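Notes to accompany the following structure.
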Amino acid sequence: MTPFLLAFFLAASPAELTPGKIQTGGELRFAVPSEPKALHPLQVTDESSELVRYLISGSLVRLNRVTQKIEPELAESWKVTDSGLQITFQLRKGLKFSDGAPFDAADVIFTINKLMDKSLVSPIAESFRPAVGSVITKAIGPNVVSVRFPVYVAGMERLFSGLSILSSRSPLKEAAGLGPFMVAESKAGAHIRLAKNPNYWRKDASGRQMPYLDAIRIEFLKNRDIELLRFQKGEFDFVSNIEPEAYEKLKANPTVTALDLGASLDTQQIWFNQTPAAPIGAHKKEWFTSQSFRLAISETINRKDMARVVYHGYGVPAVGPVSPGNSFWYASKLKPAEFQPQAALARLQKDGFKMFGDQLKDKQGNAVEFTIVTNAGNKVRERLAAMIQADLRQIGIKVTVAAMDFPSLIERIMRTFNYEACLLGLVNLDLDPSSQSNVWLSSGSSHAWNPNQKTPASPWEAEIDKLMRQQGSEVDPNKRKASFDRVQEIAAQQTPIIYLINKHTLVATSPKLKNLKPAILSPHMVWNIEELYFAEGAQRAAK
Amino acid sequence: MGIIPVLSVMLNVDYSGKGRVLNGVCLDLAPGEILGLVGQSGSGKSTLALSILRLLSFKGGSDSGSILFRGNELLGASEKQMRKLRGNQISLVLQSPLASLNPSMRIGRQLFEAWGAHSNENGAATIMETLRQVNLPTDEAFLNRYPRQLSVGLAQRVLIAMAVLHRPAVLLADEPTSALDALTQASILDLFRKVNREYGTAMLFVSHDLLAVASLCHRIAILHEGQIVETGTPREIFETPRHEYTRTLVNAIPTLRFETPERVQV
Amino acid sequence: MKRLPEILLAVLVLVMLCAPWLAPNGYEKQSRDFIAVGPTKDFLLGTDALGRDRFARLLFGSRLSLLLAPAAAAVSVFLAAVIGALAAFSGKRLESAIIFFSDVALSLPWLFLLLTIRGAMPLDIRPEVSIVITFLVLGLLGWAGPARIVRAGVRLILKSDYIFQAKAMGIAPSRTFFRYILPNIKPLLIAQFWISLPVFILSEANLGALGLSVSEPMPSWGNLLKELESQTSALEHPLANWQLLAPIVLLVAVVSLLQLSQQRLKGSS
Amino acid sequence: MAFLRTLGRVALVVLVGGLLAHALIVFAPGYSADERELDPGLTAETREAMLKEKSQDSRLISSYSRFLLGLSHGDFGTSRSLGRPVRELLSDRLPTTLTTIGKAVVLGWLLGLSLALVCCFKTGSPIESAGIMTSNLLLCVPAAVLALLLLIWVDSRATAAVWVVALALTPRVFRYSYNLLRQSYDSPHILLAKAKGLGPLRILFHHVLPPAAGQLIALAGVSVSLGLSASIPAEVILDVPGIGQLAWQAALSRDLPLLVSLTFFVALVGTTANAMSDHLVEQEASS
């Protein structure tokens, strides 16, 4: 690298993203892979809708994506009382919705009552609907609201960070928002345009009205290659979740700033079907329910190679369900499974497996072979599958990869259970383990390897059930962590799910965009949207 | 012969699939002369006509030798030069008159088009005069007809009219009467004679019909296996045929005999 | 020199048959220390994202596609010929029935049939078998469009003198159909064949997004061509990785050579 | 009368096509699955509700007649994956796709026909081989590659989509029109036109094209259907908000009302184009 280029790279390091002289105006442009399916803030189920919701509505508290701490937003302060059953919010005074309607306690009550409607399908609504009893919301004053849950909810204030407050009075109903922006124009299948909310409550330290940007234009673009091409042409101001191959090429481009934010919360994982009712051979069920078999498979997969080959080094071998990017909940004691095919083979041989030539057979003489199903069209996953295939071949296991489209895959893994092993990725949006209880409780419908159990099928699943309930009823965060650490430990020993890789969050931005605080948590680039501004002279005119 | 021939040909033609079709064919056509070219079907007669017009590529053949028209070599001539000659100095009449007319164009327009190809002047007078010469009606209704509304005989007359519009020096007629009935054939042959007489057009009359050729032509050339085996006046050909093949041809002409064939006893 | 197309084709086929010897790396061996490298002595066309020898993958993939795509094209053209000719040749009633079904067939989302067939196959089916079935179904489904064109062609032929002559000679309709009609729509069928050949190869690649194409680690022309899509991503000059263009060059070459030799055959007959 | 019969046939094709499409979709694997199910945040109750909604459709005839009933009121149903009325979705996206196909058909024909003409003028020369090679190349390059290459030069995705569809049509137009023109050029009246000394352009426009016009128009009808099917990959790759992109999304999410409506649309356009071309061919034949 020439000294000149080097200097350029140094100049474009994250330090450059911190503010200089603040400029207002301009239109921010970027792309999301799909069209928002719901613009009603309480009915959000998909990522794009969630992003738009975040930009156009306000919540009582906000999660700081960098510090991963809850911060005041519409509520100045809050207090959890009654051993964690009740939370009381002190609301900011004099706030207005985008259409000028006033904001007070009545709006909060209105919003939470709306959530109780059973026909609302959205994770946020469901988390407010307890299985027994009901949530009671009371106005203690015009600007004080208390919410009481019938059962203990761990980390209660966290729930409110994703809850958009609706107006009880505005004639625009849910279209009136408290966020920094509001929907100005929406073209089906093409783009959505947000304009600055003139009534946005936040002002900066010097008393200037936020947000600094005039408008945001979000295009719907599934094709990442085209997104990157247009980003490099300056038509988009940033790209997030870049694939490693593209990231390396962007890094070589001096006109953009490419950033590696470290391990994300997302995981890639593989699990074996342990459902008793599964229409697969009895001998295969026997392998899949055997701990040493699962462990052996896990030890034969070369995660370091995966990180190096598939992720070009922008990925870390995964330890368990929690990524190192989750600073509080990560179980730092645990280590990723060692790559030791010979030890794995020895482990299998102890169980009566034998090598015949280059083919491993179990004690009944069945050749050890299985099929991994995964979703088609995902380059990364198809490569991971091919690597697993090659790795397991070394100890005489023949793996077939069956890629299929998503609906077919879901039907197999959630309905018919007609599969042997499945390779999938999981996008985690929430830091708190409570959001994963459906995965870890044996009665959960997302208990991937054997869902909806009446009673736990094994002692270790029973223990996990107990620990998950424990962490859910504990108030002290450190005690909660101890319980969940134990869950992670059992998961590592039993490996019902073989965690493979936590990929890095890779982003790139135009150097003209200032005040960015990119985070591994979504919305990675715009979580502090009100603070973003363009460098002098770089504002794009809002049309 | 002291006269300079208007057309002088020495030609070899090969087809990519069939091999050599014409092998050193030599022909001279004097001004105002009608030369008949007789041979079996497939002996390369039509090929010769196409070659003279330099349209052989149309059928996928390649030629070598020499074609002198008024002393100019045509084999090396450019497409542009050739286009000036075609229909103007050398014209062509084909065997199947109905297929040779553009089915989607009115007769009148086709005539005017043929005129306009080589002249910027108003050709109406010439066209009407020529139509009269070939005994065709000159009214609007006729000119507005489509080829499918004509009989074969009328169509052939239209074609001949078209061919002589520019009073060409040479007319190549490729089996122009084979598709016609006896009466029409006779009248078309008359027409050729008339055209030859009125305009002094030299003609290469290609046919397999020795009788028709003999009645029309000043000289006859016999083509056999890609070569001209014999040339002579009709009288010479009929009375003193020299070549074996010519004799076979002449002997094959049926003579009229009015014998009642014997009835077969059943 | 006239036999050049055939000679080149024969050489290509020979090279592909010798794939196991010419490309000792094999199509699935992952050289994980040589990821996506350019052409070298060991890897004539470089390696792919998993360190697999592209040259080997091209050779082995060609074997598969060169066999299956023409087969699928032949199946669809054959069906189109029989159905289209039958429509034109048979009575009014059968003709309108056939036209009706071809219209329906042209508007159906056949993707779902492919998905269903794939879903009904056992999971551990060998990739070779599943891809053969996919191509076969593609071929079976491709009749409707060409059948219309064939029908139009046959109707023209039916007006010709030699069909009239055949009728006049009292030749049976079935014989007229097979001896007089089918042979004479050959140019039409051949044109259709050349169009559908690359189309089938490409549709195999496009079906990959639904998991209906050949599965890892088997190569096919389809998934090799697919590799081009992400790489040309304009982040680089499209010719920066020229070795990626090899499958396209080979495909165009094979299709054109086949066409040339067929044209020559036609010319000499 | 003939018009009414054609209309009836088109209607029948659309109805039967819709029913078969309905059956194909409902019996395809993954029909009852929903991507949202993977979300661990959903409660069992919600799951049940989502399942119930879809299982109704597996009773084929009753649900199809329900759909048709809605249709008779101009109601195409509501898209399951996008949560909006299908009619709205179609009317939003129809103009985009129709413009794309319209422009692409014209462009594809210009390119294909001129390539065919160049090859006809230069039969036997290397130019003819080059023309055939070009058309082969266009057939062999995947649409996605073409799209990405185009985007390097063309800024607008809509324009790029037009080119992708046009370049997909070009080799097909070329193949058929080339055959047709070669045939036309081989007929005796062309020979005579040449013998008249007419220029190549005059021969082309007055003697070659008019007799071939009927068949070319028939091909033009078919090319509308071809363009429609080529627009699906083009719109998907280039993210152009048209019918093609919608169809792909609908297929991936097994969106029954949307897919059946789209089948209706494709059947309608395709059958109408075919009927029109049939009509023209018939006219040509009888004239």
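Letters are used for the chains, namely A, B, C and D, taken in the order the chains are written, and counting of residues starts over at 1 for each.
We adopt the following convention: a residue touches a chain if its C-beta (ideal position, glycine included) is under 8 Å from a C-beta of that chain, and two chains touch if they have at least 3 such contacts.
The structure presented is a predicted model; accordingly, all values stated were derived computationally and were not measured.
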Self-check item: Chain at maximum distance from subunit A, centres defined as averaged CA atoms
Solution: B
Quiz item: Counting C-beta pairs in contact, does A-D beat B-D or the other way around?
Solution: A-D
Quiz item: In whole angstrom, what separates the CA-based centres of subunit B and subunit C?
Solution: 50
Quiz item: subunit A to subunit D: how many Å between their CA centres?
Solution: 39
Quiz item: How many Å are there between the centre of subunit B and the centre of subunit D, using C-alpha atoms for each centre?
Solution: 51
Self-check item: Averaged-CA centre spacing for the pair subunit D and subunit C, given as whole angstrom
Solution: 20
Exercise. Name the residues of subunit D that each touch 2 or more other chains.
Key: 28-30, 148, 151-152
Practice problem: Would you mind listing the residues of subunit B that make contact with two or more other chains? | Solution: 60
Quiz item: Which subunit A residues sit where two or more other chains touch them?
Solution: 225, 229, 404-405, 408
Self-check item: Parts of subunit C lying in touch with subunit D, wherever the complex brings them together
Solution: 96, 99-100, 103-104, 106-113, 115-116, 118-119, 145, 148-149, 152, 155, 159, 187-188, 191, 194-195, 198-199, 201-202, 205-206, 225-226, 228-229, 232-234, 238, 248, 251-252, 255-256, 259-260
Quiz item: Inside the complex, what are the residues of subunit C that reach subunit A?
Solution: 28, 30, 32, 35, 49-51, 115, 118-119, 123-125, 127, 208-212, 215-217, 229-230, 232-236
Quiz item: In their complex, what parts of subunit A are in touch with subunit C?
Solution: 225, 228-229, 232, 245-246, 249-250, 253, 305, 308-310, 312, 369-371, 373, 375-377, 379, 382-383, 385-387, 389-390, 400-405, 408, 418-420
Quiz prompt | Residues on subunit A engaged by subunit D in the complex (per definition of touch) | solution = 35, 37-38, 45, 118-119, 121, 123, 126-127, 129, 187-190, 219-223, 225-226, 229, 233, 404-412, 414-415, 435-439, 444-446
Self-check item: subunit D - residues contacting subunit A, complex
Solution: 28-47, 49-50, 81-84, 88-89, 92-93, 148, 151-152, 155, 157, 236-239, 241-242, 245-246, 252-254
